[in-house]
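Look for subunit A in each of the two complexes below; its partner is subunit B in the first and subunit C in the second.
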Partner chain A sequence: MSMMIALALTAGMPVDLGYAQIPDATKEAQAAELMAELRCLVCQGQSIHDSDVDMAADMRRVVRQKIAAGEKPSEVRAWLIERYGSYVTYDPPLSWATAPLWLAPLLLLAAGLWLARGSLRRRRRA
Partner chain B sequence: MIAEAGLAALWFAAAMALLQLASAALGLRLKQDELAAAVRPVAIAQGALAALSFALLIILFLRSDMSVLLVAQNSHSAKPLLYKFAGAWGNHEGSMLLWVTVLALAGAGIAMFERKLDRATLIATLGAQAFIALGFYAFLVIASNPFTRLDPPALDGMGLNPLLQDPGLAFHPPTLYFGYVGLSIAFSFAVGAMITREVGPVFARAMRPWVLGAWIFLTIGITAGSYWAYYELGWGGWWFWDPVENASLMPWLAATALLHSVNVLAARDGLRAWTLMLAVVAFSMSMLGTFLVRSGILTSVHAFAVDPTRGSFILVLLAIYIGGALALYGARVGRVKAGQPFDLLSREGGLVLNNLLLSVILGIVLIGTLYPIVAQAMGQQLSVGPPFFNKTTGPIALFLVAAMAVGPMLRWRRDEANAILEKMTVPAGAAALVTAATFLAADDASWMEIVGLGLAAAVAIASFAPLWRRNLLRTPLFTWGMIVAHFGCAVSLAGMAADSAFTSERLVAARYGQPYYVGPWRIVLNGVAPVVGDNWSAVEGRVTAIRSDGGTPLLLTPQRRFYASPPTDTAEASIRTRVDGQLYAVLGAQDAQGRWQLRLWWKPFVTLIWFGGGLIALGGALSLIGRISRERRSVRRREEAE
Partner chain C sequence: MKRWLLWVPLIVFAGLVAVAGSRLIAPPDTVVKSALIGKPLPDFALAPLLPAKPGLDRGDLATGKPRLLNVFASWCVPCIAEAPQLMKLKAAGVQIDAIAIRDTPQAVAAFLARHGDPYARIGSDPQSQVQISIGSSGVPETFVIDGQGRIAAQHIGDIREEDVPKLLKALEDAR
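Our next item is the complex of A and B:
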């Protein structure tokens, strides 16, 4: 009951989405996940979710407003990448420039297995 | 006078290192026993002189001698004593001097206590240690002299980054440095063995304590650093995949692989070339770690360590060391005889899998950390962060944990699949049960969180399997060490998965007296009051928290602090620990309507992450004590027999 009163009270006031959550928990979860992977452009290696500076708050406000208005996280991410370049996301989108990065784990695993298999076979013959 | 004496001691230590290298090289080359005999005492002298130099630097900091540039830049007469003391290594020059001091002391330790290794390999090892140290001495006296005078002296110091004014600072960097230096000692052993071609169980047993020791310090350093970032940075996160964190994680991964492979070499005389390679890699990673932190080539939250010009000096050192080590490896590995053969399904096979997966994780972290630099050089601006590392290393790490449940049950040389399946019934059943329960309880948890909790349960049980049908009192201490360390991994994994799956976060513009809810807690901001500390002032929120199912209320006091010199403001999180998790509160700014930003987290079982890290380090320590005491006993027995 008191929870609902609290919600009703806050709903009546202007909320700054740079510093407040979206009332809809599902949407807030989507926004939070996205904000954690967006880079604060003026900080030293922090996500906008983690940063205190004004620009991070501005970006959080944009993200929350768009998500609250019903946009999908992937659309918001694409919009931000178009605006700020792929530097803005910690989850580098797959492209020719990032293909080696995303393929690296598979290649490493394959190379490792090949190395280990080769040495095991040699041992068996020995 | 003290500063000049410190610099003189540093120069003399460097001269001793040169003498140590020369007499080791010439002594071995020309088979001059008198020359080679000088290596041990010279190594001890080098250690003593380096320690003297570092001790003098600490005295300068304790006396707040503002006629020394480094003290004036990094200290302040009004600072609490502990931070004056820690300030000696809380900066570039001091930390490099600490590095080389620990390295020199380790060399002196080998010279005094190493008795197993054959003489030629020992001399070669000390020669390699002197070679590594020489680069750092050159770096210190040429590019970063800690004893430079300031004329005229400063009236007072410029203080220290308030973020660093924390007990964490006093211990976090030195622990990591001990780890890095330990790995460079392990590397010196590998070089010694490669030079004399004596790669076998004796070499493995001589190197093992240093690998274990380094690994313990790295584990403590990473665990403590993670907790420090968690409570000091105030973002509720405990690992950010920040380049500097990665720089400490990579040597740890290499050391973990090395400490498993060195056991194969010591027990079964297998994996010779691979163990040498890992020693080279582990050392390279610790040098790379130092380089990444010190050069500031990567933007990161650890930006206080930034300094590009010195970075290029370390880069040259890095190239010489790693290039030289790889060249020596390439030249000598062909002559290292293959080790003993073994079956795929055996303890050795399990350890090979461990090494394979750890190496792949290491490779991913390395590539992910360096990729932005390479991309930038090719004109592409991009960021690689938590989503990439979690998606790529996460599944491999989970597979590694699954292998950890089985590995210790396997026998050396060969084992039967049926016997293993039988032994795995209970852990596998526990894993299935916990996985199913988590799946039902938390419908929005990701597959990695669910599998993580299941595997944690399996390993927690399976880690005790080596004790099955064994006399507990006669079980060797290093077996207990393995059990505790593996159990610690399970505990830590459970904490990570629980925190990731069940954390609740609330961000509110708080009015006085109004209730807010996070997890099972009802939170009220009662007021905000000013408080004053040694060299800061703050506003402090008075927050009470009551659990929905009753119990005594908790008081939380998150602060916004303002430091005068240098002017900075920081958020001091307030954290209350319960058995089943932590309540975490951060106070933000006040808005126009008089409401305070309040960030609240309830993090179920998050403390298990660091508790598990502590258990891992404890397991390492038990193992180290067990190994050393067994070696001692066997040496005594050999001496009695002679």
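Our next item is the complex of A and C:
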């Protein structure tokens, strides 16, 4: 891939960020982390980082172009959520709809502790 | 421990089975709607794809009169299926503009010659940039745009015969 970029640079051709990395490694790392948690809208269930359909490449291009232009990953994610809703990310923001996902484990843990406490106390008495 | 508490796990399990079963019988809708419905179209300007037809920018869609914005491609099979319905809408006096996704002039010219040409303008979006910026996730999709350039409604997938009255009503409501 880096050879492709080198070739494109020497040939004076613009790099297609849908298929090639951002030359700046720090920015590419930020983009890669974000792309791994963005849903491919055509092949739902895959991330745009994993998918090979054209639409995923088009979304990667948008993400990389924005990050290469200096936007923060959180801003790019917010831009996409503004257009597609939280379904577009695999790391949805906390909202009324997603709150049970975060709260249910805590509630179940509390219920488990309460049950354990009850049975331990009974055993001690016996 | 109270006796009835013993039934709680079974009841919870039955609930889970009911939820999973109902989703198996009626799978959830997987279409991704644009979150921009009710909001203004973002600013964009697309070059023409065909020499004989103008390109498309945001200003062309805010003309005081509701219109349709069709996102299509010559390589898209359902776009062929909806072509006759778009011709019907055009015959009913509806203004239809288009964004052609990842397409070439030759292919679109052949597509329009074969399936009819309902479009006043066609903007070329070779890398889906504008498609993504309006929250569209595939082809074909049709947006109802009100006179101020706001997205009033979105139709996902091909327009079938029964969708034509719905779109005409959405255009009327967007007035």
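Everything below uses one rule, namely that the second predicted complex is superposed on the first by the 113 of 126 C-alpha atoms of A that agree within 3 Å, B and C clash if a C-alpha of one lies under 4 Å from a C-alpha of the other, contacts with A are read in each partner's own complex, and residues count from 1 in each chain.
Quick note on the criterion: a contact is a pair of C-beta atoms (placed from the backbone, for glycine too) under 8 Å apart; a residue touches a chain by one contact, two chains touch by 3 or more.
Because the structure is predicted, anything quoted here is derived from the model rather than measured.
Asks: Using the touch definition from the top, say if A:Q44 reaches subunit B (first), subunit C (second), both or neither.
Replies: After superposition on chain A, A:Q44 lies in contact with both partners, subunit B and subunit C.
Asks: So, does A:Y87 touch the first partner subunit B, the second partner subunit C, both, or neither?
Replies: Once the two structures are laid over each other on A, A:Y87 reaches both partners.
Asks: Where does A:V62 make contact in the superposed view: on subunit B (first), on subunit C (second), on both, or on neither?
Replies: A:V62 sits against subunit C, while subunit B stays out of touch.
Asks: With the two structures laid over each other on chain A, which partner does A:L108 touch: subunit B (first), subunit C (second), both, or neither?
Replies: first
Asks: Which partner reaches more residues of subunit A, subunit B or subunit C?
Replies: B
Asks: Across the two complexes, what residues of subunit A are contacted by subunit B and by subunit C?
Replies: Touching subunit B in the first complex and subunit C in the second, residues 44, 85, 87-88 of subunit A appear in both lists.
Asks: Under the stated contact criterion, what part of subunit B meets subunit A in this complex?
Replies: 233, 235, 237, 240, 242-243, 274, 298-301, 303, 338, 341-344, 349, 352-353, 356-357, 359-360, 363-364, 367-368, 371, 375, 378, 380-388, 392-393, 396, 444, 505-509, 514-517, 571, 588, 591, 593, 597
Asks: Touching subunit B in the complex: which residues of subunit A?
Replies: Residues 2-3, 6, 9-10, 13, 15-16, 19-21, 29, 32, 36-37, 39, 44-47, 49-50, 52, 85-92, 97-98, 100-101, 104-105, 108-109, 112-113, 115-116, 119-120, 122-124, 126.
Asks: Would you tell me which residues of subunit A are touching subunit C in their complex?
Replies: 18, 41-42, 44, 54-55, 58-59, 61-62, 80-85, 87-88
Asks: So in the complex, the part of subunit C that touches subunit A is made up of which residues?
Replies: 30, 32-36, 102, 127-129, 131-135, 137-138
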